[in-house]
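Next come two complexes built around chain A: one with chain B, the other with chain C.
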Partner chain A sequence: STHASAHFIRNELAKAIRSRGGAHQANSLLGGVDEDGPSMYHLDYLGSLEKVNFGAQGYASYFSLSLMDRHWKKNMTMEEGKELLKLCISQLDTRFIINNPNFRLVAVTAEGKVLDEVLDGHAST
Partner chain B sequence: QAGLISRSDSSSGEGSRARRAVERPGRHKQQGGRRRGAMSILEYNGSALVAMTGKNCVAIASDTRFGAQQLTIGTNMKRVFKMNDKTLLGLSGLASDVMTVSQKLRLQTDMYKLQEEREMKPSVFNNMLSSFLYARRFGPYFVEPLVAGLEGPENKPFIAGQDLLGASVFTDDFVVCGTSEQELFGTCESFYKPNLGPDELFETIAQCMLAAVDRDCLAGWGGVVHILTPTKYIVKELKGRHD
Partner chain C sequence: WPEARGRPSCSDGGAWGRRRREREAQEAQEARRPRARTTMGSRYDSRTTVFSPEGRLFQVEYALLAIEQAGACVGVLAKDGVVIAAEKKTTSKLLAPPKTSEKLYMIDDHVACAVAGLTSDANVLISYLRRVAHNYKLQYQEPQPLEQLIQRVCDLKQGYTQFGGQRPFGVSFLYAGWDRHYGFQLYQSNPSGNYGGWKATAIGPNNQAASSLLKKEYKDECSIEEALKLSVKVLNKTMDSVTPTPDNMEFSVLRMNEETKKLVQHKMSNEEVQALLDELKQEEEEEKAREEAKAAK
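Entry: the complex of A and B
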């Protein structure tokens, strides 16, 4: 399950911070759909874990989290979700100093991976 | 004041050599890029906790913010854990270690219950936690715990606080920890009265928490109070400012 995977990864990350090699320098967002429904987990390279409704890592969080706070609602459809993501990306395009227009979108439902496409950033502005 | 746990700043005192021995956030310029020299590792995620005694009851209140320095990532972080029917544990400090320490202690408590066929008393749990933390003297867990519980057949309220190396302090009124430690000392010292019933204790501890975290940018964003009486275990969420 998603919950179990998230906790497994968290334990590995937490083990690593005090190991000889040091922390795994990777922050992650884990999303999945299982019998309890869809869930998303925000993972830190130190092994902090938080179940979230939406998330962002890296510099994107400074621009996206507020937008998602405002626009995310429970049981959004796939289309509404994509629109919200495109809104976040367009905000990055406007306000973020690093020009990074192309994003890869991956979506998962109860049936499995249903989407794996490249969003052409230039089209979203 | 018996409740005062003196906490050294990050550049001197107990644990500073130990803190440098462990991987520090910011060494590889993770998010934010800010230098960590100014901020202690215990303040990276932000937290606020207070434990209080009442008449035949104890309560622990905590905030629920999960942040990475100035950025708030989550608003629903669990910091208070019920170890057994008579003991509550609150953990402030680094979020990853809060989870790790609570998981490892749960193992110890459950194993004790299986082997001894009785529940661990809060004072015994406190000693066990103290040894557990001191075992990592030169590479400590970056947590500052609070233990609250009801001791013995008379259910005498028990609270204790510790620093990251396991030095305990025992009081009969309240203990505080977290980034809002100093603010909480102020509110608790003013509002606390001995022998409050569960409802009054809830009111008091909630007001202490809410007032204190509003003066701390790293803590707040919601709160929760766990109340333990001989017959009931109640969890109440606090409605506070989310800023």
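Entry: the complex of A and C
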């Protein structure tokens, strides 16, 4: 299950940070669909874990989290979710100093991976 | 050749000669001693790591015999829970009443087990089971699936039948548990490391008689109450004592609390067990009365 996988990885991260080799330098957003439905987990290299409805890692979070906070609602459809993501990307495009126009969009449902597309950005004027 | 060594010139043959004579004397003495005649394997039973010519592992079979000397256990799977019952063998009136059970143990919130065999061996395995179950919970933050847990302890038991030269554990277990994949389950495991899932089973002395009675009377999808009645009946039949009392028996019921949706492991109190025994006695008397009425006609 997603819950079990997330906790397993968190355990590994927590072990690593106080080990000789040091932390695994990786933050992640883990999402999946299982018997309890879809769920997403936000993990970071220190071994913290939180179940979230939406999330972001890296500089993107400074720009996106507030937007998702405002626009996310329960039982959104796939299309609405995609629109919200595209909104976040567009704001990154406008406000963030680093140009990061290309994104890979992946979506998972109970049937498995249903989407794997590339959103290539454009230079805004 | 060591036998040939010796110093004929010395009066008793020297050190080597002395050794040889001692060894021969010892062997002659052993040959004179009456050898305990075992009906089972003779030359293939002292080590676990050898097969007999018929393909048997005698140490494992002897371990199973050791379990026949212990108190019996019965397990019955119901539609909405599991019942395990154990016979408490009182070896001496002088023994202080134990504060914790010596037959029924809780491994985790979702697993309980009953023990038949050497209590000391059982304690080691129970510690192992608890450690495995809790390590899983620490890593995955969810209760371990039952079969996985049982496979781990059975792999440990199997190791003692194949290498190391140490004797197998002289314990059989009945496991009662629940997991989200297969619901309520009942398993049995052996000193051989074999395990199986059961609807109803018995271990310990008279387990064949108990199993045949269970086969006759078990009903699929029975309720917990019916399972309890069946296990009392079967345990009674396998026990030596004439009058069953709550002091000789222990019952543990694993069920899901309907309101809180949480698993509950309930060890029945003496009063509850007495109520069960009274019910059983009443039913037996009614049955007897019916038989007599039929015979009279």
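Note that the second predicted complex is superposed on the first by the 122 of 125 C-alpha atoms of A that agree within 3 Å, B and C clash if a C-alpha of one lies under 4 Å from a C-alpha of the other, contacts with A are read in each partner's own complex, and residues count from 1 in each chain.
Here is the rule we use: contacts are C-beta pairs under 8 Å (C-beta built on N, C-alpha and C of every residue); 3 or more make two chains touch, one makes a residue touch a chain.
These numbers come from a predicted model, not from an experiment.
Colleague: Using the overlay on chain A, decide if chain B and chain C clash or can fit next to each other.
Modeller: fit
Colleague: So, A:Glu35: does it touch chain B (first), chain C (second), both, or neither?
Modeller: The second partner, chain C, only.
Colleague: Between chain B and chain C, point out the one touching more chain A residues.
Modeller: Counted on chain A, the partner with more touching residues turns out to be B.
Colleague: Is A:His3 touching anything from chain B or chain C once the two structures are fitted on A? First, second, both or neither.
Modeller: A:His3: touches chain C, not chain B.
Colleague: Could you look at A:Asp93 and tell me whether it touches chain B, chain C, both or neither (first, second, both, neither)?
Modeller: Once the two structures are laid over each other on A, A:Asp93 reaches no partner at all.
Colleague: Quick one: the Cα-centre angle at chain A between chain B and chain C, nearest 10 degrees, please.
Modeller: 60
Colleague: Chain B to chain C: minimum CA distance in the overlay, Å?
Modeller: For chain B and chain C in the superposition, the minimum C-alpha gap reads 6 Å.
Colleague: Which chain A residues lie in the overlap of the chain B contact set and the chain C contact set?
Modeller: In chain A, nothing is touched by chain B and also by chain C.
Colleague: Going by the contact rule at the top, pick out the chain C residues touching chain A in the complex.
Modeller: 138-142, 180
Colleague: Quick one: in the complex, what on chain A touches chain B?
Modeller: 10, 13-14, 17-18, 22-23, 25, 27, 42, 44-52, 55, 57-59, 61-62, 65
Colleague: Spell out the part of chain A that touches chain C in their complex, as residue ranges.
Modeller: Touch list, chain A to chain C: 1, 3-4, 7-8, 11, 35.
Colleague: In their complex, what parts of chain B are in touch with chain A?
Modeller: 22-23, 25, 28, 30-31, 45, 66, 68, 71-74, 76-77, 94-97, 99-100, 139
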